[in-house]
Each structure stands twice: as C-alpha cells, then as structure tokens.
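Here the chain labels run A, B, C, D, E and F in written order, and each chain numbers its own residues starting at 1.
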Amino acid sequence: MTATMTPTTAPPALSPAAVGLGQNGAVREIIRLALAEDLGRGDLTTEATVAPDATATAEIRQKAPGVLCGLPVAELVFAALDPRVRVTPVAEEGSWGDGRPVARIAGPARAILSGERTALNFVQRLSGVATASRRAAEIVAGAGATVLDTRKTTPGQRVLEKYAVRVGGCRNHRAGLDDGILIKENHIRAAGGITAAVGAARRRTPPMGLVEVEVTDLAELDEAIAAGADVVLVDNADPDGLRAAVARAAGRVRLEASGGVTLANLAEVARTGVDYVSLGALTHSAGALDFSLLVG
Amino acid sequence: MTATMTPTTAPPALSPAAVGLGQNGAVREIIRLALAEDLGRGDLTTEATVAPDATATAEIRQKAPGVLCGLPVAELVFAALDPRVRVTPVAEEGSWGDGRPVARIAGPARAILSGERTALNFVQRLSGVATASRRAAEIVAGAGATVLDTRKTTPGQRVLEKYAVRVGGCRNHRAGLDDGILIKENHIRAAGGITAAVGAARRRTPPMGLVEVEVTDLAELDEAIAAGADVVLVDNADPDGLRAAVARAAGRVRLEASGGVTLANLAEVARTGVDYVSLGALTHSAGALDFSLLVG
Amino acid sequence: MTATMTPTTAPPALSPAAVGLGQNGAVREIIRLALAEDLGRGDLTTEATVAPDATATAEIRQKAPGVLCGLPVAELVFAALDPRVRVTPVAEEGSWGDGRPVARIAGPARAILSGERTALNFVQRLSGVATASRRAAEIVAGAGATVLDTRKTTPGQRVLEKYAVRVGGCRNHRAGLDDGILIKENHIRAAGGITAAVGAARRRTPPMGLVEVEVTDLAELDEAIAAGADVVLVDNADPDGLRAAVARAAGRVRLEASGGVTLANLAEVARTGVDYVSLGALTHSAGALDFSLLVG
Amino acid sequence: MTATMTPTTAPPALSPAAVGLGQNGAVREIIRLALAEDLGRGDLTTEATVAPDATATAEIRQKAPGVLCGLPVAELVFAALDPRVRVTPVAEEGSWGDGRPVARIAGPARAILSGERTALNFVQRLSGVATASRRAAEIVAGAGATVLDTRKTTPGQRVLEKYAVRVGGCRNHRAGLDDGILIKENHIRAAGGITAAVGAARRRTPPMGLVEVEVTDLAELDEAIAAGADVVLVDNADPDGLRAAVARAAGRVRLEASGGVTLANLAEVARTGVDYVSLGALTHSAGALDFSLLVG
Amino acid sequence: MTATMTPTTAPPALSPAAVGLGQNGAVREIIRLALAEDLGRGDLTTEATVAPDATATAEIRQKAPGVLCGLPVAELVFAALDPRVRVTPVAEEGSWGDGRPVARIAGPARAILSGERTALNFVQRLSGVATASRRAAEIVAGAGATVLDTRKTTPGQRVLEKYAVRVGGCRNHRAGLDDGILIKENHIRAAGGITAAVGAARRRTPPMGLVEVEVTDLAELDEAIAAGADVVLVDNADPDGLRAAVARAAGRVRLEASGGVTLANLAEVARTGVDYVSLGALTHSAGALDFSLLVG
Amino acid sequence: MTATMTPTTAPPALSPAAVGLGQNGAVREIIRLALAEDLGRGDLTTEATVAPDATATAEIRQKAPGVLCGLPVAELVFAALDPRVRVTPVAEEGSWGDGRPVARIAGPARAILSGERTALNFVQRLSGVATASRRAAEIVAGAGATVLDTRKTTPGQRVLEKYAVRVGGCRNHRAGLDDGILIKENHIRAAGGITAAVGAARRRTPPMGLVEVEVTDLAELDEAIAAGADVVLVDNADPDGLRAAVARAAGRVRLEASGGVTLANLAEVARTGVDYVSLGALTHSAGALDFSLLVG
C-alpha cells in the first residue's frame, strides 16, 4: 500500500474548506439564520433597482488597524445566496493591516448587494476578536503561559469566534460543556466537596480525558491534587496568589489563571509560572473592526 | 358585540410573552443554536457531579453599571432546557442599576447549571446594547431628533438587539432588507441615477410604503426630492452639511443623518434639525455588561 | 389478558386528535409555514395596540352556505401561537349550514388577533373542498360508484384536502406516488407496453398491493386484464365508452372513470357501472367558503 | 470607483433568479413540502417501469385561456428532484394564451415523471391567480385606482400568490403582519378608540412607516385623519359612501376601499376616487387554469 | 407524440440515483444525522495532521463472506462531506464475495478520512441484512412462498434496510403504518371482533387497497374470510397448523406465516403452501459484515 | 451563600431526564425520524379500528435473557406521539432478567398502538448492546483493564448505544471525531510519520486534551512515547505482543488493545496489563433482545 496523498490546486489558500469551516453544520446554520433575518421576504430595494442579469465587481476594504479574520465566512455567505459569486482574497487571513483592500468579489450584482451587510457583520466581529487575540498573544510571548479563550462567546457563533482566537494567535479552552470536565464551585458543592466531585467525574465520564477543578485557595489546591485532578483553575487570584499556587503545585498539575485578568495585567499574570491564562474579553468585549464593501 | 378584553394575571410583567419574544421563531432558533453549540453531546461535568433529581435556587447578579436587558431571553433559555425552571425577575427590564440581584432562579439543578453560561451570554450582550442606547437617548433628549439603530447587528440576534435598542430608549430603523426601501449609492448607480432608481422603486414595490434615498450632496438631495423620495439619508455629512440639507429640504422630506456619528458628536448632530440620526455603534460596538449566576 | 379499553372524556369530539390531524407532521409543517409567512418578525399592529396580558373572546362565523370543515386545523393554528387559546366548536365538523356561529374562542387577545387570518385561510378553503365533495357525493348516491379525489391538490395541504374530501362524503384515491401503483401512458411507453409495464410493477414492487393501469380503448383494456391488472383507469371516455368497458371487463377488474368528468355529467358517468369516478375539481377548483372571526 | 455592472447571459429571462423566487427560503420550503407529500417513500410506479438512466423530453401545455404564471416555480420543482432537468420556456411568463405549449423539459425521465404533478399543481393555481389579477387590472385601467391583493392567500404560498398578482398586473398590499400597521376594528376596541390606537402605533412601531386605520363611517374617518393616519381603509362602503369619504378626506389621507368588491362592481368602485381597492378574490377564489405535461 | 426516452450514460450503474436512494429525504436525513453525531464540531485529528489541499485515493475492502450492499449510501456519505469525492464501485451491488476490493475512492484526503467510519457503518450493516436475505431467498427457492421483511428495522434506516432486503433477494412487506391495512389482535379487540374490524377498515380507508387480518386459529380464519379479508396473517402456527390453514382457505385469501420462523425451519414453513413468510430476523438480527477502508 | 440543593420527587428513577437523554437533541432527532418513517401519513389500521377517545393499558415484556436497556427511550417515543401516555417501569434499567414485565403503559389507545413498534425497535437493540456489554464487563472483572466501545455504532444512534454500553457496565471511548485526538495509520502517513503527526496535533489542537496514537510494533511504540503521546493504541496484536508493549511502555503511556478481540479471547487480552481493550462488537454485532407489547 503506497500513500498517494498529493497536493491539489483546487481550493484556494483561504477557502472555507481550507480553514475547516465549510463543512461545519453550526456555521451553515448561523449563516442561514443571519441571511434569513436580514432578507426576510426579499431585498425590496435591490430587486426594484438592479436588473436580474446584471453582474458586478466589488471590493471589501479594511478601514481600521487590526487582524483580518472571517473572509472564508464572507465567502460562505455569498455562496449561500448565489453560488456564482466569487470571492478572491487579496490580503491574507490572519494578517495585520489597515486601510487596504482585503478581497475582490465578482458575480451577480443582486447577490453581492443583498449579502453585503451580512458578510460584513461577520467579518467586522471576527476581525475584532482576532485583533484582541493578537494583542494578548504578543503580550505573553516569551512568558511561557498560553492564553486561552472561554465560553463567554456570542450565542450561535462560538465555532467562529474560537476560530478567530486561533487566527489571532491564542488557543482554545473547551469548545463546550461536552468537551472536557471542568468542576466549578457549584459542582463541588452539589457533589459534597472536591474529593467527591473528582471521584464522581472519574467514575462517570470517559476514562480518557483530563479532569480540571476550580479552586479558590491553597487548601483546595491541595485537595484537588490529592483527589487526582489533572488541571487546576485558580479563580480570581492576584499574581502573588498565583505564584504561591505554582510553588505549591510543583508541577504535579497544570495551573490555569482565570478571572480578573485584563490586557493591562496579562503580562504579569503570564509571568507567574501558570500554564494557562484564560481571558473572556477575547470574545465578549472585542469591538468590531470597520470594513466596507464598494461596488465598482 | 361587546368587547370583553380583560386583563389576565397569567403572564408576569417581564415574561417573554409580555415583550413579544416568546412567539418569535428567530428567537427560538438562536436559543436552540446557542444551547446546541454549548451542550454538544451533553454537560459532562454536571451529569457526573449533580444528582438528576437535585433542585437548586440561584441568583443572577448585575456586576457593572448599566441597563438591565434580556431577562426574558434568559427565561426562554432555561425553559428550553427544562420547563420546570422558574425565573423570577427582581429588577425591572430596562432599569438602570449596578451590583444588584436581577433575578432569582429555582428548579432542577442540572438545568440551571447547564444553561447558566448561555443565558448569561445573552443577558450580558443585550444589556450592553441597552446601556449604549440609553446613553444615546439621553444625549438627544430635547433635541428633536430620534436616534435609530442600523442593520450592523450580531448575526442571528437582530430581533433581540433591536429589542434592546428599544428597551434602552432609542428606536428601530429597518428590520431587514424587506422592511422598506432604502436606495443606496450602489443601487443608484445600478439603476442609472436617483430619478431612475426612485421611479423603479415606486413602480415595483408595494405602493403603501416610504422610499428613502441616500445622498451625498445638495444636488443629489434636490434630485431625490424632485423624484419623490419620502426620506433622505444624508451620508457622512458634518453638522454644517446637515444644517444646509435641513434648510434646503425645508420640510419636503424627512432627513436622516448617518455615518461618522459617535456619542461624542451626537448632541451636535441631533441639534442640526434632522429628523433621525442612525448609529451603528449601538449594536456593533456595545461592550458586554458583566453578570454572574450564583447557586445558593 | 383482558382488554381494558375504555372511553375517556379528555378529547372533545372535534379535536385535532379526534380526526387524526394533530399528530401529523405534514400538518404541523404547513401550519408553521403559514404562520411564519404571515407573522414574519411579529404582528406590529397587535403588539402596539393590545396589552400583552389582555384576554378576549371571539366567534368564528360561517357566512355562506356549505359544509363546515377545518375547525381542528384552526385549533392547531391558535395552539401553535399560544397553547392557552381555547377553541370550542358550536357547529359540527361536516355539518351543512349558513350564517351561523361555528366556534367560540377564548384566551390571550394577542394570539387570537395574530392567528385570525391564518386560521380562517385554512377553514375557508377546506370548507370549500368539503362542500364540493358533499355535492358530488349526493349526486352519485344510489348509483353504485364511489367518487374519488385526485393528486391535483394544493401544494403542502394534500393531507388536509383529502381529509376535507372525506368530511364531505367522498373517498380518497392514492395519497401520493408511494401509495400504490398507477401505470399511466408515459410509464407504459417507457416500459415498452402494458404487458411489460405490469410485469415490471409485479416484480419490483411490494407483492401485497393492487396494480392499476390507465387505458384509452378496449384493446388496451384487454391487454391490461390479460397482464393481470387489478384496477383499470379508463381515461377520457364518454358514457358510452365507459359502458362498453364495463361490459368487456365483466367483473374481472375494477374500473375507474377519469378525465372530463364534471358535476354536470357526474350522475350519468356514475350510472355506467364503473366502480370509481375520480374528480380533480373536488380539490383544484373548489372556491373558498366565507368565514369571519369577530372579537367580543 | 467605476461601475462595472454589465448584463450577463447566464440566467434565462424567466429563470427563478430573474423573478426573485430562487433565493426565497419560503418558496424552497413549500416546494420541499409539496414534493415530500407526493413522493413519500418514493414513486413506486416510475421506479418500477422507467430505467434509471432513461432520459426524456416533455412539454407543458396550457389548455385553457388565461395568463401563464409559475414556470419558474416548475423549474425549481424539477431542480429540487434532479438538477439535470432543464426547463425551457416557450411562452412568456405573464403572457395571455390558450391551447399552446409553454415550456419544454429535458432530462432524466424519472425526475420528469415524478415531478410532473407537483409542478403542474403550482402552475395551474398561480396562472389562475394571475388571470384573475389581469382581469381586475383591465377593469380599473384608466380609473386612477390601484387594485391590491389581501392576506386571504393559500397557506404556505403567499409569496407565490403575491408574485402572481404582480404578474397579472395588480399590486401587493402588506406581505404580512410585520409589514406595516393596519389598525382594524378589533385593535381600535382593544386600544380604547382610534385616537388611542394610532397614538400607540406611532409610539411603539418603527418611526419610518405609514399607519393605516380601518373606519366604517365619516366620523371615524374624521377621527383617523385627526389622529394622524396616513391611509384609511373604508370598510364595506357602497360607491356613494366611498365618494363621500373621498370628498371628506380631501387628499389629506390616502383611501382604500375594502369589502364587498367583486369583478362586477370593481369598475364603479374604482371610479369613486379612492386610491386603492383591495380584492380578496384575487387569491382566495381564483380557479385553477388547466395545464398538462406530455412526454415525447 | 413520439417517445424519446433514450439511455443516458451519465449515472453509473450503482449510483444512488440508479437505486432510487439519492432523492429520498429520509436517506439524506439519516446520513446527515450520522455525520453530525460523528463529526460534532469537527475532525480534530484529521484537521491537525492532513493538509487542507491534500488528495488521496483509497479502497474499500470486504473482509468476510457475504452480499455487498450499501455502496450507493457510502457514495452519498462522502458527497455530503465534499462533492469532489469520487466513489467507483469495483464489485457489483448485490454480488456475493469475500476478501475483495469493492470500491475505489479518490478526492480530498480530509473528506475521505472524516467520512470513513460513517460510510463503513452503513455498508457493514446493510451488507449484513442483504446477506441474511440472500440466505433466506435461497432456502425458499422453488418452494412457492415469498419471504417478506417486517417493520422490526433499525430506527431511522428502514428505507435502507428494506432496500438491502431487496438486494438480497427477498421482498418487502408494508413500508410503514400508512402503507396498507394490517389488523392485529389489539385492533380486533378494540373494534369488537374481526368482522367489525374488517368492516371499519373497509369503510374508513381508501377503497383501493388490500385488507390483511391476523388470526390465531381456523375459526378466526373463517371469520376473516367471511368478513372479506384479502390476506390473512396466521400467527405463530407450526407447519401442521399452516397446512390446515392453507386447506381451509382454499385459495379464497392469500396466507402469510409469521412468528416463530427461523432460517432453520424456513424451508419447511415455505413448503406448507402459504403465499408469504415474514421474517423479522432479516433486519433485527443480521450481524454486521466486516469492511475496511485503506488509503493508498 | 448557602447551598440549597435538595432532592425533588418529580422525575421518576428511570425517566429520560434521569439518564440524561431527554434533553439530547440527537436523541429527539432519531426518535422523530423513526416515528416519521413508520407513521408516514398516519396509522391507517389504528385510525380505522380504534376510537379516538379510547384509552388502554399495556405491558412491555422481556422475552429473552439479558440486560434491560432503553425504557427511557420508549418513554420518549410515546411522549412524542402523545404526552398523555404514561410509562411506568416495573423492572430496573440495567437489571438482568428474562420472561418478565418491564413496564406498564397507560393512556390513549391510538398512541400506544401507533408507537408500539418504534418503541420496541429501540428497546430490543439497546438491550442487546447492554447485554453484550454486561458479558464483556464480567469477563474482565478483576483483570485491571477497562473495556471500551468504538465508533462502529448504528448511524443515528451513537449516543443511545454508548448509553447502553455504560448501562451494561463497560465505558466509552471517543464520542466522535471532535472528542479527542486519535492518530491512526492514515494520519501518520499523511503527516509524514509519528513524530510529525504528534507534533502537529500538539500545536493545532486545544492544549488541554490527551493525544492517542495507533502503533503496530514496538519501534512505533518507542517513537510515539518519544513524541509525547499520552495513550497508545496497539493495533491487532496478540497477547504476547501486548505483553511486550506493556513491558516496553513501562507506565510512561497508557495502552489500548484494539483489533481482533472477541468475547472468546477478551479475558486473556485483559490480563496482559493493557489499560483499555476496545471492542467494536459491543455495538456492531449485538443481536436484538426480544420484547413484546401487549394491550390489556
């Protein structure tokens, strides 16, 4: 048996398939929902003023400094309206820029005009997330810690926002509640303590997989380690508290700093020796980056 | 025939039905999508650590200053997981506050824990939008202009964000491309000019309905008025330009200022005499307001 | 093992369950589609003018002579909007009347007003179909033939229109292309003749089931009988032609008259001795019967 | 920036895209529903008698006088079954004719035979609606009034029937309950009078948009005008009543005549000076126009 | 009118279209569900280790003796992931074999690897059903009876398993509860006896269609025949009992043996003179046949 | 903050909620699909012979020795047909038995008869899987290894079959391709070797998560360990090979034996010292266990 895997030229470098979004059912669903909510019964203005057989070319421009992210989603938006629309990237997904064309579009004029706002609504937000992620990644570069996102994402767009976090240069924590065990304070209380909760998780969940536990002080950290946790989330600790946890853990578990972290104190937190720093602001408070679509 | 419409005590004041969200298919779809993306195959941690028949009470707290918005959506989120969960508001939808409990929750513990993040993800964003809208509404109070939102909304959440804009105190522009004629620069070019575009819109769209046209200077404003536009969007004009447009229009059409408006210059724009000021930042750049859910 | 089937008083006599419509997925889908196309993003007028907690009573009235049909569908329409709406029939499904109340409605005022048009759009059409069916059934009463409907139904409403045909007093032909073999002229040509087509059908379709074949003259009738057809559709024959076919068949197959039948010649066709007469006009040309919904 | 909108030859003149139907989600849904209800688990007869690789040509013929409407829907029906089927119009959508071929079809024989009935069921109804609409449009030609449809449409087919109304030559009233304010008697009563209802509508609905109010006499007309209505629907008035309303309104509001209008009295109503006449019969009582599909 | 049906070379002999599966909505739904449950948020391993533009060739091999069945389903699985994947059968659907290649696959490497398990999960089960069906068909060959399947199928895969039964050489009983009347013991009791039940079925169901009744002894057989049954299911009778039933029926009804039949006694049962033998084990207990997919 | 989690008596011990199935979207989808494929346009026989308001009681009986599994699914099936049906377990989910009643059912007779076959089709298969899993668990009891299932499950029922595996006493491997990294031979080849593949997985996948690698000999095992694998799947090794792998790994990685394992050699494999043994036959070849539903 000989491997015959060879490169094909079919999909362009930034296509939806290339970044793994095109086959994702959740991506198709949010695009469908976004188009449906904008189009309703149809684009009255475009249908009245643009001939059905008119074609057009257009350009998407980035109008503010930041990381470009989401072109493959824009491509899927237009394809959902009319598969004849062609989106050709002229800037690279993940590149930093400002005041530049990022893609050229060609195809039926009606589909381009009707899809414009929905496509841009995705691109402006994902580029905002990627830009915030790039800033965080640069802050911790060299500090040894990895910046992770959280589940504080925009409803319906988690897979896209987690993609933007990666494009920006940070990495992903759990994709959802089914993607790993994270025992939080409420679970601990419900189970009757850290030891009981970790034990229940070990018995009742798939045996291959890590168990992470949230703790608030060193005593709980000790209990978590003794109970067999693989990762410990240290909640809302200041840098001194994190350093103490790192010292106490002594490599027996991985440590995640979470809560109260901002871009302002991220560098200091990252230098405490923790393995991970999670940052909800990557997704919940990243502003939109300005983009426009110009026909002509 | 005698009217027999009488108040019923069934739906509480802030229920989804009371604010018109409960029957909206698009709202149910985005909630379903949000829960599906978070739950995936199930909440591993909660199923492992919380007994299936445990009940709990919990509290949603607002942790930053702003307008509360989205409690009815949180109620729909929990109801989608388990109809036995009860959400009781203790602060009023649309009220301003900080550091306060806003709702009490009671019901099956598993559903409360599994729905927590999704519910908060909705509330934190909608409260952010309502807060930005409240600020804008206060700025223009007394100036005679109405602040409108735009279609620069979060994909899949337009109906919710437009609800938050109303809760905050501003009003809604078009709900979508089928909800009124707005002839923009690209349409004008495709139709061969303002006169042709307005004529096409009058001929081809439902006869009851206003026609709005985007213009960039006074000559275009003159042409739009002559062509029979009902509303004219003056694009990217400074206050002097807007005042000139108001003078030229002389009440023959309504005027909307759009583009380049921020909270910083909103007061001045609103005093130019235009009828409407549209502000994309109400929805695309409103930050999340911090909320937490605490069991106990 | 003792049978314990006993009547329950739960479902009222004309409920959706009683007539087998409530569990039908296709019925739920067309109702959902009908409400979605009417409500869109919401009932602007009702939400603006009717308090969310107002209740109302209303009456559906029949305003023209005919057979009442579709009340269970109206009940499903209102239930889809708000399960608290109660529909109480005061006339019997299938009864003939004019200028009379047929149902009383009570519940949340918004749901009653928002669902009014959709509910009536179903009832007016189904009552039209049932009325046409009643007329046809009366015409053939005593003639020995059974009047059947066809597949010339309103897209998306076949199961409802076939229900209305039964309510009116006629009976149903195939529910769809999967519901029995009917070899038409095009199939015969594609298969290379009647004998070949019947043979193919016998070999390739479930062995329990009748085979019906369309013929246009006596020679084809002979061939169909020889090939083993169970039922023969005699296409577009006049009464003399039908009588000749009845004589030739001599009870070896059942005969269906189809094509060119109207209420005007139905009596004569029914007396030719054929077993079935199929009548597309029962569904495709039945006019709407007028109904109104009055609050108060 | 130079406009580059140029005609493309890709979509033929009568394609679904050309008439704005192909991208409409509601159209795709009703087509899917119609095919599902007819095909069920599959077309037993065709699968038994037609070879899977057979191709065929066929012709759709119009068999009665009227306006052709719905060919693009037929094309979508066949495309949903098998994208290799080609539908080529030979008569123009919207043209009047009788006893003529209207389209040629070529492609896989199974798809043509399995889709025949569903395609024709759409075309026969839409052509009926367009024919009724053409008759109405001709009656009012020169009278100054515009004939509008209503919401008394076939459940699930509103967007198609409103398209047929336009093809026939009349125009569309509201597409649905979210498409404009129309305050009817029940709303007035719930709100506590015309003045209160119009005020509520002005306060609670998007500020750009007309407000229409239903009145039954001149006193209500006066109140509606004073309250600021843009359009007034005069319900069930005879021509004298309409003329009185026109005189009283004196151009301050647009007037719509509704109720009790038929093709017989339409000309007289249209000459009363009202702006609009709405006619439910365009959609709820238009009979089917006869069409056939012949292979060969 | 001349028939122009001619063979086309487009669809290969074993394509989904050729076997009638490609257009079946239920088939597409179960494939979508199967891919969704395996892929979840994406194929982590493949996305990490295989370049997005890599292509590959692969081979599906049969690793145990039996009837090949389900290649068209595998083709639909890969097409649902990426329409560029090509599946070329090298063994014939329905052929018996062992240790042989059955199909070659070429296309994007990611889609091939991500779809492998789902495709094989279908093929291994359907080949198991076809193999069991082939064995049963061979056992009864020459005995005059036809072996039928039952409704004891895998939820969600009935249409596929009934296809596999036909591929194997047996034939299909009812496709579902709407596909023919089969009055069982519970129905008889609810209706008040065989005579009443058959009468109700005759009156209330479409007049073209057979009525089958389940009986447990000769007295019930007599009653069923007298009541006008077309087919009688003799439940759980041994060969002597079946022979007695055949003698008593004397050709007045068709007889089906059901219950207690296994491959071990099938030959004897088939020789009793019954028309049909139904065998639930064809679908509910057929083991999976082993297949593998090898890249290279 | 005080925990107030207290037991509630609402959900019975074996309810769908109690076993985590009721909220699972995939479970609801396969149940919907299964009912749709059986009911089609409706249950002709039941609707003809059972009065709409008849109620009935019934009993589900286990007719062969094995582990009961799937009663909560049966409950969901009946609830999807009619929420008034009550299913009361009389044997415990997961218990071993034979020839015994396992549940009593009460409610509308039509829903019980129409749902019977679909409910049993789920229960018979899941009980078969749980029985096979119980046997495997008993074989390895005390041997130190854990038996895992695979992804060789019935399309559309993975979540149910993995539930049945747990009910039987074994544990779950990956739920799907997104639920952990498992680098197989094809991935290794595509990535250019084990070291490269593990490196790619570490860089491109979420940092919290184990990496498992498939190897075929000790050299590959060495490379996998050196590359940093957490778990190594030893493919198709005999017991001697597995013992050699255990010795070589020396606790540095966990080991999974996979391929060629049957119930016959499972005990020996489990005693080799591997951590996990995966067994596809738990799901792909478990026979159905016989159950019946008797009214009365």
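We take it that contacts are C-beta pairs under 8 Å (C-beta built on N, C-alpha and C of every residue); 3 or more make two chains touch, one makes a residue touch a chain.
Fair warning: this is a prediction, and the values are worked out from it, not measured in the lab.
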Farthest chain relative to chain D (centres taken as mean CA coordinates): F
Chain located farthest away, centre of chain E as origin (C-alpha): B
Homomeric contact chain A-chain E: same or different residue positions, threshold half: different
Rotation angle (°) superposing Cα atoms of chain B on chain C, nearest 5: 120
Chain pair among D-E, A-C or B-E whose interface repeats that of A-D, sharing over half of the contact pairs by residue number: D-E
Pair of chains joined by more contacts [C-beta pairs], A-F or A-C: A-F
Euclidean distance of C-alpha centroids - chain B vs chain D, Å: 32
Whole-Å gap separating chain A and chain B, where each centre is the average of the chain's CA atoms: 24
Separation of chain B from chain F, taking each centre as the mean of its C-alpha atoms, in whole Å: 44
Residues of chain F engaged with two or more neighbouring chains: 3, 5, 26, 36, 39-42, 47, 50-51, 54, 56, 109, 114, 159, 175-176, 178-180, 189-190, 295-296
Chain-level touch network, classified as line, ring, star, complete or other: complete
Interfacial residue positions of chain D with respect to chain B in the complex: 3, 5, 146, 148, 171-175, 178-180, 189-190, 206-210, 212, 231, 254, 276
Touching residues on chain A, where the partner in the complex is chain C: 40-41
Touch list for chain D against partner chain C, complex: 26, 29-31, 33-34, 36-51, 54, 56, 109, 113-114, 117-118, 120-122, 124-125, 151-159, 175-184, 186-191, 197, 200-201, 203-205, 284-285, 287-288, 295-296
Chain E-facing residues of chain A, complex: 1-11, 15, 17-20, 23-26, 159, 175-176, 179
Interface residues, chain C side, partner chain B - complex: 36, 39, 41-42, 47, 50-57, 81-82, 84, 108-109, 111, 114, 294-296
